[in-house]
Amino acid sequence: MGLKVDLSVSLGSLKLRNPVLAASGCFGFGDEYSPLVDLNLLGGLITKAVSLNPTPGNPPPRVVETPCGMLNSIGLANPGLKGFLREKLPFLRSLTVPIIVNVAGGRLWEYVEVVKGLDKEDGVDGYEINISCPNVEKGGMEFSSDPKIAFKLVSSLRKVTSKPLIVKLSPNLGNIVPVAKVVEEAGADALSLINTLIGMAIDVRTKRPILARGTGGLSGPAIKPVALALVWKVAQAVEIPIVGVGGIFTSEDAIEFILAGSTAVQVGTANFVDPQTMPKIIEELRDYCVQEKIKRISDLIGGLEYG
Amino acid sequence: MGLKVDLSVSLGSLKLRNPVLAASGCFGFGDEYSPLVDLNLLGGLITKAVSLNPTPGNPPPRVVETPCGMLNSIGLANPGLKGFLREKLPFLRSLTVPIIVNVAGGRLWEYVEVVKGLDKEDGVDGYEINISCPNVEKGGMEFSSDPKIAFKLVSSLRKVTSKPLIVKLSPNLGNIVPVAKVVEEAGADALSLINTLIGMAIDVRTKRPILARGTGGLSGPAIKPVALALVWKVAQAVEIPIVGVGGIFTSEDAIEFILAGSTAVQVGTANFVDPQTMPKIIEELRDYCVQEKIKRISDLIGGLEYG
Amino acid sequence: MIQTKALVLGTQRLGPLFYRLKLKAPSISSLAQPGQFVHLKVDEGYDPLLRRPFSFHHTDPSQGCFDLLIKLRGKGTRLLSQKSPGEELDLIGPLGNGFPLPHSGQSPVLVAGGAGIAPLFMLAERLTSARGNLFFWGAKRKEEIFLRDEFSSLGWRLEISTEDGSIGYRGLVTDLLQAYLSKAKDNCLIYTCGPWGMLKEVARLSGQNHLPCWVSLEGNMACGVGACWGCAVRCKVEGKLGYRRICKDGPVFSAEEVIWD
Amino acid sequence: MIQTKALVLGTQRLGPLFYRLKLKAPSISSLAQPGQFVHLKVDEGYDPLLRRPFSFHHTDPSQGCFDLLIKLRGKGTRLLSQKSPGEELDLIGPLGNGFPLPHSGQSPVLVAGGAGIAPLFMLAERLTSARGNLFFWGAKRKEEIFLRDEFSSLGWRLEISTEDGSIGYRGLVTDLLQAYLSKAKDNCLIYTCGPWGMLKEVARLSGQNHLPCWVSLEGNMACGVGACWGCAVRCKVEGKLGYRRICKDGPVFSAEEVIWD
């Protein structure tokens, strides 16, 4: 079949050669997976969260398998802004794919400092602002559970960078739409949906929670239906692009998210199960477009037929 | 082993011979499963939702499998109060186990009418008030998403019945604790946690949602970690008993919920997968207690060791 | 209705998309009627989670056995195709109402589309008095047609259509039926099973010709026993628009009862 | 580090709780070092979801093969025990750092608890110059002790303890170690693998006797390649409390590095 398919999509000013990104925390800083995967095939790479100061993370156990999913309470373990610049960025810079740094913080000014500290750096192509991590005491969820605080955070960041700002929202909210709208209004270029759901597992022999912190974040195929429903809902409420994430393991999963209104998708837990997931999905998206005679994958975005 | 184990637990004035109940909507009105299961073994049976008027339910498809779960949009299909009294109650009355009627409505007064209409009936041992169904336009979620409305509903019901009132809450809320507290204050005897999570599945060939209504309620093992985390959280905030539900398929699952603070548990989706699930769990709970030298299963409630 | 373990006796490939699964479960085998089905757990564990419904395709109660005829669709049907003799499957059955048998004087005509052959073959086996009658079977292509020896030994006249014309009439099975009915048979009783669009057309042709017609429907199921109302299909219920359960009120319905659009 | 398919050559029961899984994957086999592990996908599908880590137990690079020694625990290890020759498993390996070999003059002493035998057996195979040295192995009961012929042909002196005394010394393997160390061996180098409580005691005894000690740790893993920080273990890191990854910085650590309480 001679059809040339255009897989590229845009998140604000950020152009991706294909819509498949590595999800934050599920692909480290790229280097760990480079022996197994040709990173330059990806649409982009979102780093593990970077906070201002080095963060050791939570006590173990930090992960446990659940039915079709896993819980994690990594606790944003990361080398901090300086450590990132010194140890991680040089490798990332050597790649030809867009690098999006996932930014986390305990206080508003910490987010601002991290973005400021990264903004002049070559090789940082955008930010994913993590206001939705269920595994830290401060920050994280707080910022996304109150629209006013979310507005303030995003507008403060908007002032210090002109690079693409993607804001990652939590599914652990009653109604996600008000926060999504406020974040859009504050100048975000895109939204990532969703972070993990709060979950728990108990060891019936020891009568203790399996994760040292009690609860953790649920990811994997188990949460796909929840993520998809939220993407669909938010896509009808905002104009900015959405990056869908949650249980994407196959190209069909990716297409479901795109049809529901995602411009791009992220692959998280699936990388642990099969590091070849992203290259496979990209290849199969191309095949799907050829079969369905879709010239540009961007024509599929929000293409759900309903009602 | 000669140890005699006491599996009985109490939900307010309702005494159950064991803590395993059939979840609403997942065991019909009992009769459908009676050829396969000895219903009198159960701790209790919660009926499919009963509304004031007969409800045909939603257009098909109404169910679809998802990873370790399923989505449903049954839409509270039921024969209505009169149909229930005429067609379903006589059979239920013939059983020796407590019958809890799951009550749904579009408006506050409809809930009140249903409870009034059932209250004098022999064979109705309590109510589970469904203020958490994601699959109907009116009622359902509304009642649980606003603490004030939830308070009004439960106190109105409290006035018309002295039978046990169990209120079933939705996981699709940001913070479930305020509603839980308000419902307790309004006089509920117990809380059921959780109803289904909102989810979606898309057919990539037809580009349409698989469920005719777009979204549906996610149940099954996939949601167990979420249910468990909510039970644990609410158990620390209220005094009244909690009935845990969400992905319980094995006796270990049931014990996890009991340790997290459930007084009783409900088995839903598992009945579809294996109708023997409830009798098996009851048997295995007994074995577990013998092994662990626990005389009364009620000693396990909230027995999680943490911190 | 019984829940029991069935022993896998073997699987047999019938072309690229179909296979026959031979099972042994005497209690089920002796009760099974054409048009009824079993609801079976494909595998231990949670993936796939729900049971899968399959019609009885052939029974041999004297041996305590029965066959399912399965078309490869997704995960569940693929896993089933890989079962080895000696494995066990948990199943519930017989479920559903089954095909009502013809009254004396009625002349049954069977119309199958694709995998719809599964229950109709068993019906053909039971309707021994209908030898010489017509069995229409439509498929996409030659490779999806099989069982021809079985049909000839049953004594039914098999008329085949394929969409690509690789065997039999080129076109839809409903074209064959239409042609046949145009030569009018007043005492015909039509039985049909297959994809929705085909059933709808068979229902239309039957109605047009004032012939009674039994359709066997498929739909996503959860419980399979009538408890969850997950398998609802829009029907005329006591004159009004309502729903019926495929698993319990069906899978066989009168074509007139079903709301087709 | 390679991701590849491994061919199942067979499984072999070793008592009620253990079995050996023989795999063929030449690229992996030739790279494997004692103490390293593979991360493997037990089954297609989502249940179980995550890969499972297993240490190399024995390698035969000339044949492109290697063995895993697996203790039945949950779903994953049960499914693996049911694999048939000819099936394929997706695996990633070799992973982790492996055991540092002894310096000349150091006399290795190996201490295994339960399934901890798996990697230590391969280490014993490689340390041919240590023939005659001591290998301590503790288990619950007789049925969990096997491989005795293999040990005698390797030339190691196997000292066994069981908790119920059904074979060897009755008590804990650390009692045996303690007794041995009390007769002091200044040039001992201890290697150990087993449950956390046992490792902690071995670490304590080593410290007390000022002996170097390598421990191989287990812990829940997600990625297995160092990316997720899910397998963290509390360690002294540059003098401070910190975390190390079992999969990447380990699974072998110096006993002094690990924070045991």
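Just so it is clear, A, B, C and D label the chains in written order, and each chain counts residues from 1 on its own.
Operating definition for what follows: a contact is a pair of C-beta atoms (placed from the backbone, for glycine too) under 8 Å apart; a residue touches a chain by one contact, two chains touch by 3 or more.
The model shown is predicted, which means the values in this text are computed figures rather than measured ones.
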Touching both chain B and chain D (chains): A, C
Distance between the centres, which are taken as Cα means, of chain C and chain A, whole angstrom: 46
Chain centre separation in whole Å, for chain D relative to chain C (CA means): 55
Chain centre separation (chain A, chain D; CA means) in Å: 36
Junction residues of chain C - those touching two or more other chains: 46-47
Junction residues of chain A, two or more chains touched: 67-69, 220-221
Graph class of chain-chain contacts, one of line, ring, star, complete, other: complete
Residue ranges of chain D in contact with chain B within the complex: 46-47
Contact set on chain C toward chain B in their complex: 1-3, 41, 46-51, 90, 92, 219-234, 241-243, 248
Sites on chain B touched by chain C in the complex: 25-28, 32-33, 35-36, 48, 56-57, 59-65, 67-70, 72, 74, 77, 220-221, 249, 269, 271-276
Sites on chain A touched by chain B in the complex: 66-69, 71, 145, 172-175, 197-202, 204, 206-209, 214-215, 218, 220-226, 228-229, 232, 247, 252, 255-256, 259-260, 288, 303-306
Interfacial residue positions of chain A with respect to chain C in the complex: 67-68
